[in-house]
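Here the chain labels run A, B, C, D and E in written order, and each chain numbers its own residues starting at 1.
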């Protein structure tokens, strides 16, 4: 039973979405299904938050290694949630000036905005920018002209890297207009447009078929791994 | 030297990368841009619109990718505002709403104080549900959106009157850093309604190659990363910037400096690594 | 090099058999020297330490292993019933409390603080040794077992399947070369040791199993039939532990081959008598062959005295059997014993023997390819 | 009356449409002027016999128009201008135009079930308009099947059919073979390494939710990883970025432990939701990796910028890493930093490969049929497009050009719509 | 001991059925094997004293050599004096089934495999492998440990600083099982611990007094590296101390020998390794017996040994046919044979293992079975002799589409220089060419490979001797132990029959021949023992003779009792599906090599 009901739900909603695509009459059913999904997706946030609290509370309770991190996480979570929900420091909406909570939680200058602007934003941006460092070290380690494929890849990489900057323009600007196609910035565009697109399309077709057949398996109940079951 | 490089601690590379990025920023290195076809196409798409045409600006990125996508979002907003288009902002990323707020504050409120919220632009904010949102709003906007980002009922927003679905938009402008993003917009909005909708997009460098296959039928124009942003910025500023361009509209071009040096550094590193590799090969370490 | 041929299998009417019946591990001997035992009497018994079931409490309670001993509700040495709570975590202000129950009953033998496992040892398992042959206990090996001696008709088979079995001899074939077919198996043969003639067919084996025959003895068997019965192709001739519900013994070999006349006659003579049969075969160093033992009742009869002939001597006129193709299974008398090695058809050189077959034909075969049989 | 109101309301609601009409008109006027060399002639005669009919096999948004033209056989250099309105008094919206020799047109973008009037005007090369002919009111009807998607439906049916066929085929016990995938073979090795080293195994199921097929494929691999971890009694951690993924991963891991015969070793506290925020998640993982130094890391799912950050960190702590993703952009990063990488389709084939079940293998085979279909389509398209460009508009044989080009158009316009 | 003063060496190998003795003497300044003797082994009742068999065998040599080796008290006379005694006496032993071990590790493919390698390398038979990732449930494993009665247990697991939990878990399986040793009910089971250093105190605590625990260095200190030496040495020590001491008569024998008694297969491995080290070659050795087949290999200095317990020519012949399938066996047969009849013959050989083939047909069939037994044993060997598993790979972008795995076999037929055969069916084949054909068909050597056989199976003796007097061992190995059969030249690659495969040119030692081998063709060039010729080879495109596809190779061909075989049948060697076609093909090959009397003109 625990297995069959989700399978039925999956098969049913999958079927509805397919029908909705081909049968104009049923188009609105598809919309309903999609809206249901949106609702579910929103509920997932609560599930996530609950687990977050449980995970870190447990860590603290058992005094596991690094439980202090958990304490900080929980504190930050609670603080942000409280500030955001209670709209501290938010001025009321102009339409409803009498209602203290009618303002928007993201109002600039308010504490929540402040958290976002001065804690969240720099932190995520910092993490993202670490990519640059890792690209450099990975390139140093892994880009070896070991075989023909690697050499081709290296050559392309150089062209693209240069073509994406002013260096490429300077390096080949001496080429006459009749050879303009060989200028690095134009080569870059051509590589992206022709070579990359051809390759990407092939991969995308393969992936699309893979997606389609996996979806079909899910619909037919052949692939139940998403239910966490190998066998009953 | 050989042994030092052979067992090079990655922290040295990190240091070099830091310098490669920091120095151009400090010295404000800047280079002219030569716009390529795709940036031109994006520019042309927006240019072709008439004042008052509705445009959907979907900002699907987050602070992490703000460095890469912020400048083009800013330029898009600026361009649309200059053209007098009606702007409908929305986001599929939770923090996308902040990105919209940022741009409204930075561009519209600062440089176009005459534009009125609700009449000339509206922020529909974030909706959860990934591509599901697109699927719905492409045929039924009001099924999902009852208020704008600030909780105002959309029935009381003048420019929302008569807007039932996003097929009424003259153009979709999408700035995306991943999923859900341009791919989903193309797949769920443009492809099924190719007769009704057009779209241009800006994306991170990493997702750009994936979007090329959609060019030009599903996606007439595309801005790839900071380079694309810089080219577009150049185009927009050449056309509308006037004599003195504000610093905030030069961000993309400013960021091309560090990019140049960083790219050169990476090329250098690869070359050094390969010299080492061939030295090893000659020594017979690697078979 | 006097033994460069295979000594024959024993087929004798009057043998003094001694069988060591010992436990695999030390235990208690239940009989005394001089006692008379029946074939199915238990002569020695012991208890193997019970099965050990490890229970990983660290996993069950989601605890670091080192914390497990502190959570134990049972101590080492305690008897735990299945379903009893073994250990319980202390929890945290009453939250996150969990407990682990035992899945099996057993004595808590050890608690490990490294792996978080506890060992539950179940009840000891009895191991019993039967006398196998009826007879007298002539020696008791303290703690291990005993030696049983009896006078008996003793027949060694070449190959068997299955363990020890008992039952009255029952002849199913009328001649040693008659193939044992399914029709020959009757319901009255339930629990009997059924003797066939030549080859036993798969249908006969199946019928015998159906009827509940205790053991089936015949001259030969087809490899494919054996495979059909076992369900797999036997790779190595080490048998005895199969649980097929039926013990099979073949006396001569694989293929369409008649039982030796003497064997057939001997078994026929004792039809109706209780026999002990084992199919256990081990063809390796320390050879074991299947056996059929029909014990004499010392009070009633004397066994036929064993012929004084010394076994193991290859002489002119000795009856031998060819045990390798191309003459496999044929019986003849030694005609000559050339001393010098001879080149065989295969090209190799070996010491040979010339044999006159029952058909009168004289053939030369390698000495390795004959076995002596007692006629 | 009711009709009128609804129309009225509709019109109010559709300022965008109005703008659209306005724009189109402007453009057309622009085009007219640009057409330049105007030859002065008499206004052309009006088209006659205009009939409007609901366009079949659609969702009711199109109407077919057919009319006759009494003037010269073709309107030389001119065109017909088609427009429509809900009410005769309303402004007619321009729907489009046809070249002078075409007297059929399909109007799109209508509201189903609403009556429209259609108007056709002939315009000559001097941009002189004829009298208009107006049709009877006609409404588009919502149909059962969307005809424009019929080819897509057929393709889907063939594809699904072949998947189902091969699944059945395989269930009957016909053997199907899969190529050896090093990355999946290496799962044992990676988990083994973690066990021997007494370190943990980290499995990252991508940063997308369960609705992404890649996440599902990742969960398939997780099932295997978890089983081996259970067999090895290795510690497996699954940090997730979505709570639904966490729930699914828990179910999967639990049943994998059950399958391995070690259900008691399952600890759901090792499978956690961290945060939806991409880089918050990355920060958590990086910290975890640097502190705990896992000996095996699996990255199976949809990845974006975090791919390289994670993989490089894992590489620096000496873990065996196996990645699998269908994100082409992240593949090079994974290849450079991981021991094994499952590329795109390999990743989707993982579940078939790992279970070896006939259903899964059959569906792989069905996928191959899909590929054949695509290949046939590509070859046909390329061949015909090439032929069309050879025979060319100015080329050898106009008739065959029309045939080829027609095919290409049909392929592009209808089949691939 | 002064090696220069050693002139007479006596060596025995106490096998499970016979004890073989050889005498090595210095003749004209060179060591030669001069005499050999044989006697039944006397470990079991009624003698129960191994030395009786040893003395019998030695006495036989003494009589043959006219040299008194055993004194009145039945002891071996040492040192040698004129016409009496020997300088060194050494021995190996595999009596009573050899050294039987159980090994344990954490992961079957990692530390447990290393432990298995250590045990096999030391000459043991591995009865079972216990691992943490064993599919058997813990209580089943415990049951298994209780059923087995190994001579000793080797426990490994965890790298240094790695897992302790799993190692202790393994110990917690073994300790309550209370394993009993095979010999002697009263003595304690020796357990060698060669795992994670950090777990030592815990291991000591887990195993109580009931076992005799020895601790040596971790055999896998890190996953990237194996350190088998200490464990192997400890196995030898324990073998002597415990196992030997409890076998009847061995206590005496130990005092007689001048070097520790080694398990027979360990000694064979030793000599092969020594020869490969000295000459810098890759060598493979095989010993096919009645019940088991041992394969030894040394590739790039790494020694590996496997025992295929159920692949043999008599006791296990039925198993070979079952594993290989009769169909496959019959592919090697050029005579028509009937399936049902053969099956029964196979089983009859199994139950009467001492018989020998009398008819040609029987010999052909037996050699066909031998090919399959060898092929399967070699396959198992290849699967076992691998690079280490669990090693982090360093990838570069060039590897995107060729992700090689670790744990690949190190056995490379192309790199194999020497293939040594021993065991009844190989060494006692009526014609040497048959041995060559069996080796070539079963092992499929590639490139240029020397084929040899062990004349009288003296590799074990020489293996021990190599420990004491390496030079003597090498000399005898070269001169008397190995009988060179010839050289096999085979190209790797597959093509269509009749297409060119490779061109060859041979010159030297009175030989000057050139020609071309076509695909599917086999050619024998007689070339006597002790001769050497220059060999120039030019493979066709798509064929490899060692230098890469289509690249020229310069090498040396060695003569032997058979000669030089040029093999254009392709590698891998593919036999036709159709049995009739296959039989014709075999008939052709039989004719070319002159394998059997029926093909002689």
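By our rule, contacts are C-beta pairs under 8 Å (C-beta built on N, C-alpha and C of every residue); 3 or more make two chains touch, one makes a residue touch a chain.
The structure presented is a predicted model; accordingly, all values stated were derived computationally and were not measured.
Novice: Among all the other chains, which ones are in touch with both chain A and chain C?
Specialist: Chains touching both chain A and chain C: D, E.
Novice: C-E or C-D: which has the larger count of contacting C-beta pairs?
Specialist: Result of the comparison of C-E and C-D: C-E.
Novice: What is the distance, in whole Å, between the centres of chain A and chain E, each centre taken as the mean of its C-alpha atoms?
Specialist: Averaging C-alpha atoms per chain gives centres 58 Å apart.
Novice: Would you mind pulling out the distance in Å between where the CA atoms of chain A average out and where those of chain B do?
Specialist: About 15 Å, centre to centre.
Novice: Cα centroid separation between chain D and chain E, in whole Å?
Specialist: Each chain reduced to its C-alpha mean, chain D and chain E end up 61 Å apart.
Novice: Of all the residues in chain A, which ones touch at least 2 other chains?
Specialist: 27, 37, 41, 45, 58, 124, 127-128, 135, 137, 139, 141-146, 153-154, 200, 204
Novice: Going through chain B residue by residue, note those that touch at least 2 other chains and give them in order.
Specialist: 10, 62, 64-65, 95, 130, 132, 209-210
Novice: When you check chain C against every other chain, which residues touch at least two of them?
Specialist: Not one residue of chain C touches more than one other chain, so the list is empty.
Novice: Within the complex, which stretch of chain E touches chain D?
Specialist: On the chain E side, the touching residues are 106-107, 109-111, 132-133, 135, 137, 157-159, 161-166, 169, 196, 220, 223, 389-393, 395-397, 399-400, 403-407.
Novice: Residues of chain D touching chain A in their complex?
Specialist: Answer in residue numbers: 58-60, 112, 142-146, 149, 152-153, 156, 159-160, 163-164, 167, 209-211, 213, 216-217, 219-220, 223, 227, 242-244, 246-256, 259, 269, 272-280, 282-283, 287, 291, 305, 308-309, 312, 326, 328, 332-333, 335-337, 344-345, 347-349, 351, 355, 359-360, 363-364, 366-367, 370-371, 374.
Novice: Quick one: which bits of chain A touch chain D in the complex? Just the residue numbers, please.
Specialist: Answer in residue numbers: 18, 21-25, 27, 37, 41, 44-45, 47-48, 51-52, 55, 58, 66, 69, 123-124, 127-128, 130-131, 134-135, 137-139, 141-143, 153, 199-200, 203-207, 209-218, 220, 222-223, 225-231.
Novice: Per the contact definition, I'd like the list of chain A residues that touch chain E in the complex.
Specialist: 141-147, 149-150, 153-154
Novice: Which part of chain E faces chain A closely enough to touch in the complex?
Specialist: 394-401
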